[in-house]
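Listed after this line are the structures, all set down as structure tokens.
What follows is chain A paired twice: with chain B in the first complex and chain C in the second.
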Partner chain A sequence: MSITQTEPRQADRPGHEPGALEKAKVARDRRTYIALLVPAILGLFVSFVLPLAYMIRMSFNQGAPDGVIVETFTLDTYIQPLTDPFYWRVTLDTFQMGVIVGILCVLVSYPVALFLARTTSKYKGLLIAIAIAPLLTSAVVRTYGWMVILGTNGLVNSSLKGMGIIDTPLKLTNNMTGVTIGLVEIFMPYAILAMISGFGRLSYQLEEAAGSLGANKFKVFTKVTLPLSLPGILTAFLMVFVLSISTFITPRLLGGGSVQVLATEIYDQTTGLLNWPFAAALSVILLVLFGAVIAVYQRITKKIGG
Partner chain B sequence: MAEAPLFKPKLKVGKPLFGILVFLMYVFLSAPLLIVFIVSFDSNQFLSFPPQGFTFKWYELLPKETTFMNGLRISLIVAPIVTLIVLLIGVPAALALDRFEFKAKGALQSFFLSPLLIPSIVLALGLVLLFSPLRLTNTYAGIVIGHVAITFPFVVRTTLMSLATSDTSCEAAARILGANSWTVFRRITLPIIQPGVIAGGVIAFIVSFDEAVISLFVAESGLPTLPVNVLRYVENQADAAVAALSVILILFSLVVVVIVERVMGLRKALR
Partner chain C sequence: MRFSLRSGIAATAVVTASILGLTACGGGSPAPQGTGAATSGEVNLIAYSGVWQDQYTKAVIEPFKAKYPDIKINFVSKRSSAEMLSALQGQKSNPNTDVAIMDQSVSESGNNQGLFDKVDATAIPNLANVPDKFKNKDGYGPVVMVDAVGLVYDTATFPKAPESWNALWDKQYAGKVNVVAPPSLLGITLTAITSKMQGEDYTKSIDAATARLKELSPNVQTFAPNPDEYQNVITGQTVLGLGQNARGQYYSDQTNKKIGVAFPKEGTAYQINTVNVVKNAPNAAAAKTFANYALSAEAQTAFAKALFYAPSVTNVNLPAEVKSRVVPTDGSLNIIPLDVSFLASVRDKWTDTWKRQIINK
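Right, the complex of A and B next:
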């Protein structure tokens, strides 16, 4: 119950007349928090609400060649991406990339998260920090690192060639393989964070109890560890999925123009073809896809939290 | 996870294997940053492996790379302004959310954190569409406005965390003793929320400094920030000069990581 709700009701009742001082305090409090909130609300309105609203409106306009925009109210911009096989391909590729990156990212992050949740090492804090610190490094830099590793003369290819395993370099960049590898690594810290938070009920005691009751290690894992870590795994997957389908830099750089996903398509339509209504429609489609998954995600985290 | 296990696990056979697996995953996670570090000292001009020899020349060349220097200058103007603005609007907002009771509180908190849930490419497009008729593209104002949206939630969140772990009795005591609101804020509340404000501020700075997508859309041609110039540079050529620059950017991020970890814990601040 909030003060603003309860205060007037008390005033209605005879004998509970709030004093003038109390009333003045409520009014003063009200003035204070409104004054504290207004700059933030204004700031977010200008930088966040207005651009999104304008973009949604733009998606109902009609785009013409050379960046001419016809002010109207039409669904044409949505019909093209939803009927054209090319855009179906792009949307499906985006979705598929999200699913694959999500699964792979969960697989590589799970051991780390499990280790971090269980460890009693005095370096636990440091180990967690190392695992999530890459979050605060530039995505451009990390993607560049993967270009060095996966490129034609990169670490992987020159090592394999040096060992005489391959003659012609493997094609690991400018395609979906490279983008996938890069994204899996780039989103690992998010997955690890989500998993550690989702592993709340996982404990040694339970695993130990199952073991002393005669379960072998495989059984302990499948019957105790895995079910208890499932909520964390699921939230991590959904999080990586939404991040993957909307990411731009890595598909752009590691894809080298030959990987087309919704994000790269939005960029090309905006800056290259200047078809803004169409770019806006693609963004709305991405937003809807994104929102649906976020809704599922929040339902799950709420269930875990409560 | 707070309580220590009663006895050590007896996962004897699996333990070394599991340890190796975890180690390999850590290597994978750090691979791009480690490789950039190695390449930046390689005397070979073109990207190759293994390194040919040791050199500092890429670092020495950096000040002469005008694209990087111009980008750096723009980023170093944008990031502090963004940080200042989000602190000035974010800290009071967090205070209002924590210290007062009102109806729309829950909704407002969700609203304040919602920019984290929007893909930056979508927001970037919205910004460029809105800014074009207003002639705000390729201006500092345009970039700053865009960055405010995406950095604001971090400041609100870290400040709220500091507020949540403190109690209000000191503030009440100071008020009873006759301190006015401003004195209470400056002498009591501010020291309490200082870790959250510092953590939020440095995170906002590094997020703005490293942000590439919004800057690319809003100001690619006229006012390219450092990440935008690095992005464009890497698209065309990938020589070791970028590696040297990347190492400096990584070290910069590392400073931020250490500050955040010290004042409130990285995990708490970023979750």
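Right, the complex of A and C next:
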């Protein structure tokens, strides 16, 4: 940080051309910015880069039974899952879950987000707060809530039974159906927020103009509103997709051990079998594989969304 | 997601290169080790969470604190013995835990890994009351309480307790059965018992058990009951499942006998907890005072009354109504002897078998 003190003095000396003064000021500003960024960068380094590096190093160790870690440098932890059809199936299921939850979440959140973005009500702020209020409750608690609602004797099954629609309870938990329902609801606030912030180009005037030029409401929606809200939709989908593939609480609690996705596998390997190297390798695979998927997605959406 | 993942990975790679040896396990300097019994200080205890923690605190820790007011107990709770082992491994070079109460199969691993100290009757006089069958043959932490695996059932569905493990396979309970799959010890035990029932030697192969357990799969509502296997039955989500006698008895009282627990006629297996003093424990002397108290007739009786774990010492006389509900350790119950060390060594393999072949998608 001492550099910020020596350089500016030279620049302030009389007789310097204004251009040089300007340059020195820019340099000084830049150094101030960097100095201000240092604590944040250090914080990020300690809390993000270092653990990630630790995890990557761990993934090259060898796991022995009962949590013994053999300090070595092996690729076995990567070769094993990458050559095993079981882990490819788990990866595919993870991807599929992310896509399905992403699509469903966007579908149910879109009308809410659209309403919140367009409303001129004086309670707009309050309405947005209500829409994202579920975030104030932990995902664990909300997942337990869904276990109660979707259980064999839960609200849904007992209502359907009471109305005489079903005789035997539907299996809505301890499978992918339960996990999907839970995740869609849990990630809705994120999708709504992402969409509202991505709806910047939506304009009431454009819709009115389209209407006055003879377009009916459906046409206004498909030709004007939807294309303009596409960036928000795409961002929301990406956000929910990323959150879904990395979450383990809901698949763990609502999946009943039958839903095997990468996050639950990593959890089992870490806390149940204590095979940290293997868990670390699976985490790196999750990071790289889905990092690539996200990169490709962003390329495509840039072209679509502009 | 505006950040560039590629640049993130590149940065990580640089850091990785510089800290490549970060995870090396060092020897660490030994912590001071006390001898004899202490009456002051503190004890960091690692043990099970949930109802176990609540009842152990009430029945053992509170009276211990009353007896030794100058010893403070810090309870670190974990959901499973595996999680405890993981925590102890992480602090091996510089432990901050003194005593661990965990499953015998896991504590054996800990003994083999040098995580625990040997104990003797000089520092822990109550060890003299532990029968040989509950002492560790190499002198490590002894058994502190005994329980057994059983069938937990909904008493409305089963006015008469189920007598056989085969009830789990009964089609009339399709979709109403809970099984705790491996790596849980309950699932490992069921696998070994099924193997025995199929006339197989589980130390050589579990093929027959796997085939039989595959037939069980369609009956199963959940392979990972939440919040636990007992609440699943209590709430009616399932009517039958795996469980342990102690907690089953406790919840039976809590729910006005909505849930019951039974030992099947084919035999069952013990679930045994040991009390272990951590090697290089920061408060070794106080740890031994606590371990000694945990093995006292007073503590063992209180915990048997509170959570129905059978005592592991001989100088306990339980009231008849408690004695009839804890697992018998006098040989009157058909116990299938399981090789816990072997089971610990195949835990990952069996977990894999369950995931790939038994659990339905």
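As a convention for this text, the second predicted complex is superposed on the first by the 243 of 306 C-alpha atoms of A that agree within 3 Å, B and C clash if a C-alpha of one lies under 4 Å from a C-alpha of the other, contacts with A are read in each partner's own complex, and residues count from 1 in each chain.
In the analysis below, contacts are C-beta pairs under 8 Å (C-beta built on N, C-alpha and C of every residue); 3 or more make two chains touch, one makes a residue touch a chain.
Note that the coordinates shown come from a computational prediction; the quantities given were computed from them, not determined experimentally.
Of the two partner chains placed by superposition, only chain C is touched by A:G255; chain B is not. Of the two partner chains placed by superposition, A:M97 touches none, neither chain B nor chain C. Once chain A of one complex is fitted onto chain A of the other, the partner contacts of A:G151 extend to both chain B and chain C.
In the superposed pair of complexes, A:S203 makes contact with chain B only, with no contact to chain C. Of the two partners chain B and chain C, more residues of chain A are touched by B.
Of the two partner chains placed by superposition, only chain C is touched by A:G272; chain B is not.
Using the contact criterion defined above for the overlaid structures, shared-chain residue A:M195 touches neither chain B nor chain C, since it reaches no partner.
By the touch criterion defined above, A:G43 reaches chain B but does not reach chain C.
By the touch criterion defined above, A:P51 reaches chain B but does not reach chain C. Of the two partner chains, chain B is the only one that A:S138 touches; chain C does not reach it.
Chain A residues in contact with chain B (one complex) as well as with chain C (other complex) are 50, 52-54, 58, 144, 147, 151, 153, 242, 252-253, 270-271, 294. Interface of chain B with chain A (complex): residues 1, 4-7, 9-11, 13-14, 18, 21-22, 25-26, 28-36, 39, 46-50, 85-86, 88-90, 92-93, 95-96, 99-103, 105, 108, 111-112, 114-115, 117-123, 125-130, 145-146, 148-149, 152, 156, 181, 203, 206-207, 210, 212-213, 216-217, 220, 227, 230-231, 234-235, 238, 242-243, 246, 249-250, 253-254, 256-257, 260-261, 265-267, 270-271. Residues of chain A touching chain C in their complex: 45, 49-50, 52-54, 56-58, 61, 65-69, 71, 86, 144, 147, 151-153, 171, 173-174, 238-239, 242, 252-253, 255-258, 260, 268, 270-275, 288, 291, 294-295, 298. Interface of chain A with chain B (complex): residues 1-5, 29-30, 32-33, 35-37, 39-44, 46-48, 50-55, 58, 108-109, 111-112, 115, 117-118, 120, 125, 128-149, 151, 153-155, 158-159, 162, 182, 185, 188-189, 193, 196-197, 199-200, 203-205, 207-208, 211, 217, 242, 245-249, 252-253, 263, 266-267, 270-271, 276, 279-280, 283, 286-287, 290, 294.
Only residues 1, 5-6, 9, 11-12, 15-16, 19-20, 22-25, 79-80, 82-83, 85-86, 89, 106, 109, 113, 175-176, 181, 183-184, 221-227, 235-238, 344-345, 347-348, 351, 355-356, 359-361 of chain C touch chain A when the two sit together in their complex.
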